[in-house]
Amino acid sequence: MYHKSQCEGFQCEPGLLDEGVDPEDRQLGPVERLVAWLRQKSLFVLAYGTGCGAIEMRPLMTSRFDAERFGIINAPTPRQADVLVISGYLALKTLKRVIRSYEQMQEPKYVIALGSCTINGGMYWDSYNTVKQVDRYLPVDIYVNGCMPRPEALIEGFVALQERIARGEKAGFHRYREKIDWYKANQRRVLGEMMPPDYTYDWYHAGGIA
Amino acid sequence: MLEFLDSPRVLHGIYVLGSLTLFVIGLYGLLAKRHLLKILISIAVMELSVYLLFVGLATSPGETAPILSDGLRAFAGMADPVPQALTLTAIVIGMAVLALGASLTIQYHRLTGNADVTAMTELKDS
Amino acid sequence: MIKLLFFTVSLTPAATLLGWGEGLAWPLFEGVRLTLDLTPLSAFFLLLLAMAAPLVALPMLRGTADSPAFVLFGLLLLGMQLLLLAGDFISLFIGWEIMTWSSYLLLLRSARTDLETAQSYILFNLLSAFLLLAAILVFYRFTGHFEIRTAAGLTDWQEILLALLFGLAFLTKVGTLPLHLWVPRSYDQAPDAFSAFLSALVSKMGVYGLVLLPTLFPDALAGLLGRLLDGPAAGYLLAWIGVVTSIVATFKAISQEDMKRLLAYSSIAQLGYITTAIGVGSSLALGGALYQALVHTLVKLLLFISIAGIVLRTGQRRFNDLGRLMERMPISFFGVLIGIIGLAGMPPLPGFAAKYLIFVSLLDARWLLLLAAMVLASTAAFVYCYKLIYAPFLGHANSASAKTATEAPWQYLVPQLVLMGLLVGLGLFPGLGVRLLIDPVLIALQMDPLGSPSWGELVTPYGGYDGVVLMVVFGTAFVLVTGLFFLLRGRMRRAGSPYDLSYAGEVPTAETPLHYGAGMGRELRRIPLVGWILRHSTQGFYAALVRQTRTAAELLSGFYSGNPQAWVLLAVLVFALALQASIGGI
Amino acid sequence: MHAVLDSLAMIGISYVMGFLFYGFYRQFNARVQRRWGPSIWQNLFDNLKFFFKSETLSHGPMFFFGPMIIMAGAFTTVLFVPFLKDSDWLQGFSASGNLILIIYLLVVGPLGNALAVGSSGNPYGVMGVTRGLTRLMGLEVPFFLGLGLVMLQHETTSVHAIMAAQHDVAHWGILTNPIAFAVILLPFIATQNGSPFDVVGAPVEVYAGPRVEFGGRLLGVLMTQNMMMSIAKLVLVVDLFLGGAGNFLILILKAFALFLLTAAISMVFPRLKTEQAVDFFWKVPLGLGVLGVIAAVWLPWST
Amino acid sequence: MALPLTPIWFVALPLLVAFSSPLWARLRLLMPLLLGVPLTLLVLAIALHPLVRTAPLVETIVIAPPLGIHLQLDSASLLLIALIGLASALVAAFLWLGDTEAHLRGRRAFVLMLLLIAGCNGLVLTGDLFNLYVFLEIAGVSAYALSALRQDAPALEAGLKYLIIGSVAAVFFLFAVVLIYLQTGSLSLGAVASSFGEIPGPMQILIGLLMLVGLGIKAELFPFNFWVPDIYQGSHPAVASLFSGILVKAFLFVLFHLVFVLLADPEVIRTWLMGLGAATMLVAETVALRQQDLRRMLAYSSLGQVGLVTLALGFGSEATLAGGLFHLVNHTLVKLLLFLLAALMLRHLLSVRLADLAGLGRVMPLAAGLFVLGALAVLGLPPLSGFVSKLWILKGFAEAQVLWPIALILLAALIEAAYYFRWIKTLYEPRAQMQEGRPLGHWVYAPVVLLAGLLILLGVAPFLVQDLFIEGAQSLLARDVNLEAMLGARP
């Protein structure tokens, strides 16, 4: 039985989401603008299929939805990926691997949380072994809501992401670097003994450069 | 009645037959007997047969022993002396070998308690 | 003191080469006179010897002085010099035999040599030696002299018989296919520094013999069937033997789990190329064969010495037990790197020049199928070359000793540096090698020299290439690219741990099997041809031969029963039978 | 100065051509699959994006030098392939090289990169390298045999001489030596890492391949060299079989025609496993090559 | 009175010294004399060499006409005499310096060894068939007794076996002698030779076969040599070295001497002899593969070499004869070396079985090294003397355009290598644990090292001695000259 012994997500830290968004529009120079434009034209996706959402990822690349026309293509390994799509509820086992995959991606990198279960627990809101709210553990850039969201919704999410990239806004990975202690504390709370070894993230503590 | 025995051919034939018989007996003993002394005796018998053959064939009927004495000054009518001398020598040598063999057999028997030729298995391919 | 003396001894081949006056002669006995003479061909191989001997001697100096090994090494050098300087076959054979047994005794100095290895080494080498002796005697029977010079007045069949006997002898030494059983195990188990010498030099003596053959019997290769396409027909057979050897040995090398065994098989394969080239027999091919011999000597010395250093420092020789030594033994790493580049015949190192000459000679003879087969062998060689550098130096350290190893001692590093320098220099100036080393030999063999317009250029009738330009272009490109990238590298971050891998979201630990050392190339078995080759081996045949001989010995030893009566019985029976046969038969 | 300009031009041309060709390939592929597909510039965007990634992970010096070696190898290869016939321009250093050298140069870079893969310590990467080397072992035999037929036909290994011999359409290699072209065609696709022989670095399905540890700008370098190397190979085959090119436009046309042919073949076949590919190469193209050799060398009418 | 330099001393001196042994025992001169007598004989042989070069030396000691002892010394027999002198001197030196077991240094051994020397010399020298029989028995009896000298079970067994088979051989030989006498009426070799051709054919064959069996047993040819390994194993290795080194060689010489003198055309039995030689060689080498006892292995190897020599001598061309004689000498030296080393190992470790010798190279480096040297010499590997003699033989075959013996010899050498190198490998087994045995002095090695030096010297500079062998071969072949000399010496 699920006991609501502690607050979760927005209930505890309501200001968190707003804090990530940079209030004043940063002015981009021409080179930065070009770079940002190039970045949004090419998104390599690491699709992390943890639940039923994974089934909605496949049609994205098929002739019907053809995400490739947006420059979106699957990447084989996290090293090459720009976008991590977390598609489904996260259990402790999968959370650990999602974090690991995210940390192995090269910046700039973005996270799309796909589906209600990922975002707020959804139908597993009182399950004893799922992680309810992914944005406590990883910085999510785009939330694609639904149970399950259609591929069209996902494409919309991508397009939104592209727009944000082109605007040169501060993204989730900045937030992750800046608030690493908070994220790690959250992660440690649920993972406990299963925390990955120090070397996987300790460079974040040094400002992201090691 | 037994004159035909005086003919050298017949006589030599008998010698040959006899000594060959002896030889074969010796050979049989050598191959079939297992006691060391019997084997030595068989060898002696074989040697003996050869001596007999030698002396027998070298002598023809009517010849006397080749001993130069009693006024005999020539070898006329005498048997060829060489085979006899040689046979004597050979007998001596055979004797010596036999003696050595017998002594070795005795020592061997003392040491190991057997004199069986087939039981001599100390030395063999490993 | 002993060490100094030994090192001086190892310089004797160089002294011989430099100080050789005119021929020497030594009467052995009635009708046999040993003559020693330095021809350009023998000078070429003597040069290899002179170069290799001190380089191999240096690692042997490490640790306590092993005087018997030093003496044997000296004898080995003596035998090889005799072999190379021989003006007649008897001296050649004497040198050959001294080389055989002294190298065998050196092989016994290793603690790892087992009985089967030792036996196979000596028996195959003696087989080779006795074949050589038989060939020499048949040669003597046909010509009435022992001198090494072109044999005149032989019929075709006589020449072919001789070439066959000589050829078998020399092919055994170079470890051609069905006769290669001894090579991998002995190279593997020999003392580590000595393996270098075995592979680099001792096997070259077989090559020396093979190169000698066409000069002895100019018509033997073409004699049987005339000319096939544009090359000698009998040589076609020899060339195929060489190529099949290379292919099989290459695949065997890929499947090895032990560094030295891999090198041994690669040695067989490389010598297979030489065999092929000799089969072609044109001046291009012989030039290629000599060049390959030169390169192979340098490369195998380098590789075996580097690996000896690894074995010295870690005590491990299996691919599974090593890994990530690159950071601990950087010079050895570069040694092996240069070595495998040479071994694989990649430009710009001189291995390419050798391969180029051989390829062109095959093209010249229009033996395209051979060319394809050879390409197969030399491409497959990339796999084992990669395995050789990956498994010890890259990947993950797989044993405690590999994690704590230090760089090899200077006795191992100096030869490596020298050899690296030689290889790079020769790669830069392939024409220089041709001009200085190959052409004099070819001229002496009454063939057209290859010629080279400049030091850097290697030229054939089919076109050539310029080593200097190649090296400069590649070097410039490398410097430019690296520099540019370094300027624009952005934020570069060094991985925090060797286990920081993208490993399907997992976090591998020291227990995770991350090192792909011995398993590399195992999946090649699934290719039908390769699987077939790897499933078969000549070992069973030789084992059966040994078994049969043992059975025969057992049967025959039934005669020696230890029972006097049986002896007498047999003697009498034989007597009776012989009597019956000779008198009764009349 | 001329050499420097010439080299820069060749490198630039091969870079641009490579990305455009492959951009076209992606769109062509998409159209065959009845979808819109990305723009023709998409490959360029991808590449530049990687060059502008702000973070790059390295596993040590060797890991860093691997892509540099492969890039240098690609430059060298490009510079040793003559782009134009009878021209002073776009020749690079091809006068100092030959066909066999170029074939070997094609593998220098990948082997250098293999070192980097090895030093990363990722077994999947090494597995990919092994697959690549295995495929190389399979494809090189018929490829070399086909080129051997060409070299035999012209009795030279010099690319210039082979080009010069094909002075008009009737003397194009593809007409005078069609078997050789047929022999090298499929291995050529494999050298281009094209489907159906692309299991080595296959983009999606396999969590493996030589590039598994490369990301950021190093990956950009790898993509760049791949494109340039592809162009070098294309131009080489154009030189050998399509009579070379007199000027830049014809070069693009011929290369594009050839590219279209290979792309069309790639598109319609499913991917083969490595060992299947090797076995295939040793059976079909090599068998064809043996027939070619018999026709060219062994039969009585062949001189 | 100046003692004339005559061949009789070769037989007489050892006999005299042997029979006056009580005196020497009292004077404690046994060992010096055992060394001195062969050395004297060796010097005598060298002194006689210039005489013999010109013509064979024939001497007849008349007991009573027409009885007499004919001694004939030609180049070939001189070679054998010198070899016997040298070999027995080396063994004597080994016994003396090596501080060997008491029973080998006692009076009995002294007498028996000198008798053996006398017998062998007599065998080689005699020109009379019956004397041949007598010397055969002298040598035989002393050999039986020598092998039983240690008087433990193996030694007695060896002695008895040797005695049985030796006596049978003697009976066969005697039978042949008797038949010859009955057919020709004479026993002198010269006379027999001149009338041998007149004996009816079947009888010739019978005689020949009887002789072949008799001498074949003694000279260790194939179907008659089954006794050899047992005897060599049972005897002390030093004694075995004498058997292998001189006794067999004397008998081989006798066999071929008879063949070349009696038969006007030796080619009629060439095939027989070569066949026997080849069979001996191959069978012995093959069986040797599975031996576990060093002495037994050496015995088989010795058989193999005897087969090789038989093959070479049986062919009967000048080059093979010369090579065969050289090989005879080499083999004597090598087998002395190896058996004496076996004696040393036996003393040190109390066993010479393969398993017990593992790792010997560390405990007795010199012995092991010399063993390797000896093995290389047996195998005929340069630069040791075995190579030269083997090459000489092979060259002889090649000159005569006969190739099959070459193939067989090389095959046999390969098989031989298989077991010799197995032993060598075992000697240098790195993993074996070897206990320290009894220490040996340095002087023990002196004769062995001398032997090794000789092997190397003969291997490097065989031209120093080649004339000896060529002359020996020529004198063996020169039947007419020999006959003339022998007949001319008839009283």
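For reference, chains read A, B, C, D and E in written order, and residue numbers begin at 1 within each chain.
Methods note: a residue touches a chain if its C-beta (ideal position, glycine included) is under 8 Å from a C-beta of that chain, and two chains touch if they have at least 3 such contacts.
Because the structure is predicted, anything quoted here is derived from the model rather than measured.
> Return the chains common to the contact lists of chain A and chain E.
C
> Can you list every chain that touches chain A and also touches chain C?
D
> Please identify which chain has its centre, taken as the mean of its CA atoms, farthest from the centre of chain D.
B
> Counting C-beta pairs in contact, which two chains come out on top?
C-D
> In terms of CA centroid distance, which chain is the most far removed from chain E?
A
> By CA centroids, point me to the most central chain in this structure.
Chain nearest the overall C-alpha centroid, as shown: C.
> Counting in whole Å, what is the centre-to-centre distance of chain D and chain E, each centre being its mean C-alpha position?
78
> What is the distance in Å between the mean C-alpha positions of chain C and chain D?
34
> With centres defined as the mean C-alpha position, give me the chain C-chain E separation in Å.
Going by mean C-alpha positions, chain C sits 45 Å from chain E.
> Using mean C-alpha positions as chain centres, tell me how far chain B is from chain E in Å, no decimals.
The mean C-alpha positions of chain B and chain E differ by 29 Å.
> Touching at least two other chains at once: which residues of chain C meet that condition?
491, 493-494, 499-500, 502, 504, 557, 560-562, 564, 568
> Show the residues in chain A shared as contacts by 2 or more other chains, in ascending order.
77-79, 104, 107
> Could you tell me which residues belong to chain E and also touch two or more other chains?
Answer for chain E, listing residues that touch two or more other chains: 160-161, 164, 168, 229-230, 287, 290.
> For each chain, which other chains does it touch, given as pairs?
So, checking each combination of chains, I get A-C, A-D, B-C, B-E, C-D, C-E as the touching pairs.
> Enumerate the contact residues on chain C facing chain A in the complex.
491, 493-494, 496-497, 499-500, 502, 504-507
> In their complex, what parts of chain C are in touch with chain E?
On the chain C side, the touching residues are 27-32, 68, 90, 93-94, 97-98, 100-101, 104-105, 108-111, 113, 115, 118-119, 122-123, 126-127, 130, 133-134, 137-138, 140-141, 549-550, 552-554, 556-557, 559-562, 564, 566-568, 570-571, 574-575, 578-579, 582-583, 586.
> Which residues of chain E touch chain B in the complex?
66-67, 130, 133-134, 137, 140-141, 144-145, 148, 151-154, 156-161, 163-164, 167-168, 170-171, 174-175, 178, 181-182, 185, 187, 229-230, 233-234, 287, 290-293, 296, 353
> Could you pull out which chain E residues touch chain C in their complex?
160-161, 164-165, 168, 172, 201-202, 205-206, 209-210, 212-213, 216-217, 223-224, 226-227, 229-230, 283, 286-290, 319, 322, 365, 369, 372, 376, 379, 381-383, 387-388, 391-392, 394-395, 397-399, 401, 403, 406-407, 410, 413-415, 417-418, 421-422, 424-426, 428, 430-431, 462-463, 466, 470
> Quick check: in the complex, which residue numbers of chain C touch chain D?
So the residues of chain C touching chain D come out as 229, 324, 326-327, 337, 344-347, 352, 356, 359-360, 363, 366, 368-369, 371-373, 375-376, 379-380, 382-383, 385-386, 389-390, 393-396, 457, 460, 462-466, 469-470, 473-474, 477-478, 480-482, 485, 488-495, 498-504, 513-516, 520-521, 523-524, 526-529.
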